[in-house]
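Encoded as structure tokens, here's the structure I'll be asking about.
Per-chain numbering from 1; labels A, B, C and D assigned in written order.
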């Protein structure tokens, strides 16, 4: 019998078909971040035990657009860029676990299957969406530049409905790129039991973050954000009570695994709707 | 702390955001099937232990296109059909486990995220692709009809490369719709360990099949099949040595879970490439 | 010098690259039609002179979804169905010209480039959109059937915004499939002048319709329709004052050209915004 | 009767629905150019009279990928970037007309409808395609940089088939960005007659070019190019006999109309296939 190779499915004798390569994974991209306050009860609605609200500013939310190019250690995906470019928008909140503060991605949309596969591995709950964000360019005819007065738009749609749109006008450099997505991520990885009505077959709480992180200056300025209803999404429940800030930053990241915090074997972390 | 609801990610207080609803799942669709023989060694390359080749016709392969409309018990997805229609193409082989014969999907491409999510649950190794198959219609101006002389084309592409194309010309009704995809499915569900280089965190061998299955007559006839190379796919390694047959059939299916055959806790089912 | 061939661009020595083949064009498909009344002034806003409102029910509008498979006389597109299947949604009003009543498509969205090319030829003002309509199927697990109680949804989106959605519940057969899209089409074909600020280089009023038309029974029933705003569309200005009816019908059509009613050489038919 | 507004279709009382705004149009983007020599007879196959081959290097071809962000004078599209970003790949040759040398786009693929609409106006024979080109980024984790050793890939697909792929490795700055796409464009704008078998209703030869053009340094280096067959395309007929060079350059462009060289009223410029 053949030994199977490949980091992810489909596993084969060669491993060549795997939807995603083995980490480390390398990323270069631009982040447009909007931070705002919502009702902390709505954040608590997204935190399964044993995760809890943080004490300081518990209703803070970050909605982040990212325009990425990414690759494996071989860098071969960069030469066939349908395999390396993708866009995403994701919602991050903070949570508390045994006295530590974590960031947690509660909703995320991407536009490539390899990004979905990475999400299954990393515990990002990825769906397909259509994301667009204005790109800076050295020539201003059809583009803003990263600097005072630069105006950047960003939109998110899924299921043929617009879910969010933002406009950020840069004013000045900022000491940080916001504070909500600034902690290690605490994510669940869950597989429902295969038998009808069974508890989860596997549920794990993991922690991960970037192995390497480089970034240009963060820019901040005025930002507007609108969220829209959808029958299949709950983003609009995180109603915007107060804008905290908007940020634009170019970054380079390496991700190379995380660590398991707990394997929840009794299925108690979930209760089917 | 809130109890989380939702069959799949993202789990929330309401469960409304789940990428996929709880089973049962309901399907109506058209299947275009091409069965052929390849080198059995190439089939063995896709069967992890303890699965083995079947003794009778071990190199038989089915490449199946399906044009689906599907929904949950609520049927609400049918009224917002971006959430219910999808297309797929998938490759099935047979394997032997403890004296029983199973079918096994070794490669599959779909065009919607909810279909990917179902695949993670059911052990189908789904990627995104672009699939097209000729549709029958009561009026012949721009369509064949399911009957003698009806000609149906089917194509599969992924990563902006064409991977397969088939043309089936119907001749007569057939006693069956082929034999390769006729057994319960034996699939693996695997989550790699989150730590760099770690063994799989979870690996399970499951069995599943339709709870309910209705079908119209199967039609057969002449069929041509061409497979094409891609750096990220291994479909073309399953070279066509001999065509067995081509089939067209309309079906209605209900899927409502499966059963776990084995949970492989030591990670031995895989070896990273 | 080479003679160029090809019905449409790009023209080459062989004609093989033409975005669209020479007519006749053959279609099989399903139509979901919603007819309603809006303010006739809004219809008049879409009728350039010499077209005028009809006297009888001048505010009647048809919003039609169509799920097509189409081909040229060679039928080769049917075997490579990415080249033959497309979906569309379009808005039709009636107008009067020299005492005759015409139908006129005022807005239309499609999802393939060959459909856009046909529109440039036929005077349909086609944009890209994302259209979905529930499909009937012989097996009811995931599909309605064309008959009493069959429920069909339809949606339209463009620019990552939903523009319209309808739900039609069939009750009984109908003597007709509505009356708004029942006349020959009167369309303009216009090319703006290439010089900045120049009048139109070409403007022609044409008439066309199906050369051959076959259809199954029209079904009617209860219908709901919702229209949504978009900064780049004016569909929602045709506000729904009163629903006239909803219809479902399967059809086969051949289109083989039309006739020129007038060539407007002075550019007076348009005035740039 | 209402006066109609809007630069392009659909024209309405407000002009808001027009697929494209009035020029001028503003662009910022990155160009990856591959120049090579093919058999001049194949170039002649694409030049309708009175255009002829140039004497100097008549078989020179440029295949250009462009990653654009574009907008109208209002710049509003930049804030809803689904309306401003698009990618394209296009093939340019040179031709001679009355002693002058022109560039001419003979094949082009884009991924947005507004780009198709602009093409109808400007005489670019645009189809839909899927184009990807590696993006430079300040952080190297997942991106090359524009400088020595920077490696850029580019691919083109249409109809679910890959048509071309290139890899460019930068070595040094270049005095130019190639010579094939360096002249004013000579394009045809053609509308076939609406009656079956009729000659063209309108055929015009126009000249246009950028009103404003800014550019960074052009970089050159080693380049590989592969072209692939398709039943609906003739790109691969322009076989690569010899690579001339590869170039990368960032540019800003304004386009604001052109001028008519000839209106061909007798339809003699084309002969249907």
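As a working rule, contacts are C-beta pairs under 8 Å (C-beta built on N, C-alpha and C of every residue); 3 or more make two chains touch, one makes a residue touch a chain.
Since the structure is predicted, the reported quantities are computational estimates derived from the model, not experimental observations.
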_Touching both subunit B and subunit C, which chains are there?_
A, D
*Which chain pair is joined by more contacting C-beta pairs, A-D or A-B?*
A-B
*Determine the centre-to-centre distance between subunit A and subunit C, using the mean Cα coordinates as centres, and give it in whole Å.*
40
*What whole-Å value do you get for the distance between subunit A and subunit B if each is reduced to the mean of its CA atoms?*
29
*asked:* Please tell me the distance, in whole Å, between the geometric centres of subunit A and subunit D computed from their C-alpha atoms.
replied: 36
_Show the residues in subunit C shared as contacts by 2 or more other chains, in ascending order._
80, 82, 130, 132, 155, 160
*Across the complex, what residues on subunit C touch subunit A?*
130, 132, 155, 157, 160-162
*In the complex formed with subunit A, which residues of subunit D make contact?*
26-29, 68-71, 78-82, 84-85, 130, 132-135, 137-144, 151, 153-155, 165, 167, 212, 214-216, 250-254
*Report the residues of subunit C in contact with subunit D in the complex, numbered from low to high.*
1-19, 22-24, 44-52, 76, 80, 82-83, 106-107, 112-113, 116, 120-122, 125-128, 159-160, 188-198, 201-202, 204, 206, 208, 231-234, 256-260, 263, 269-273
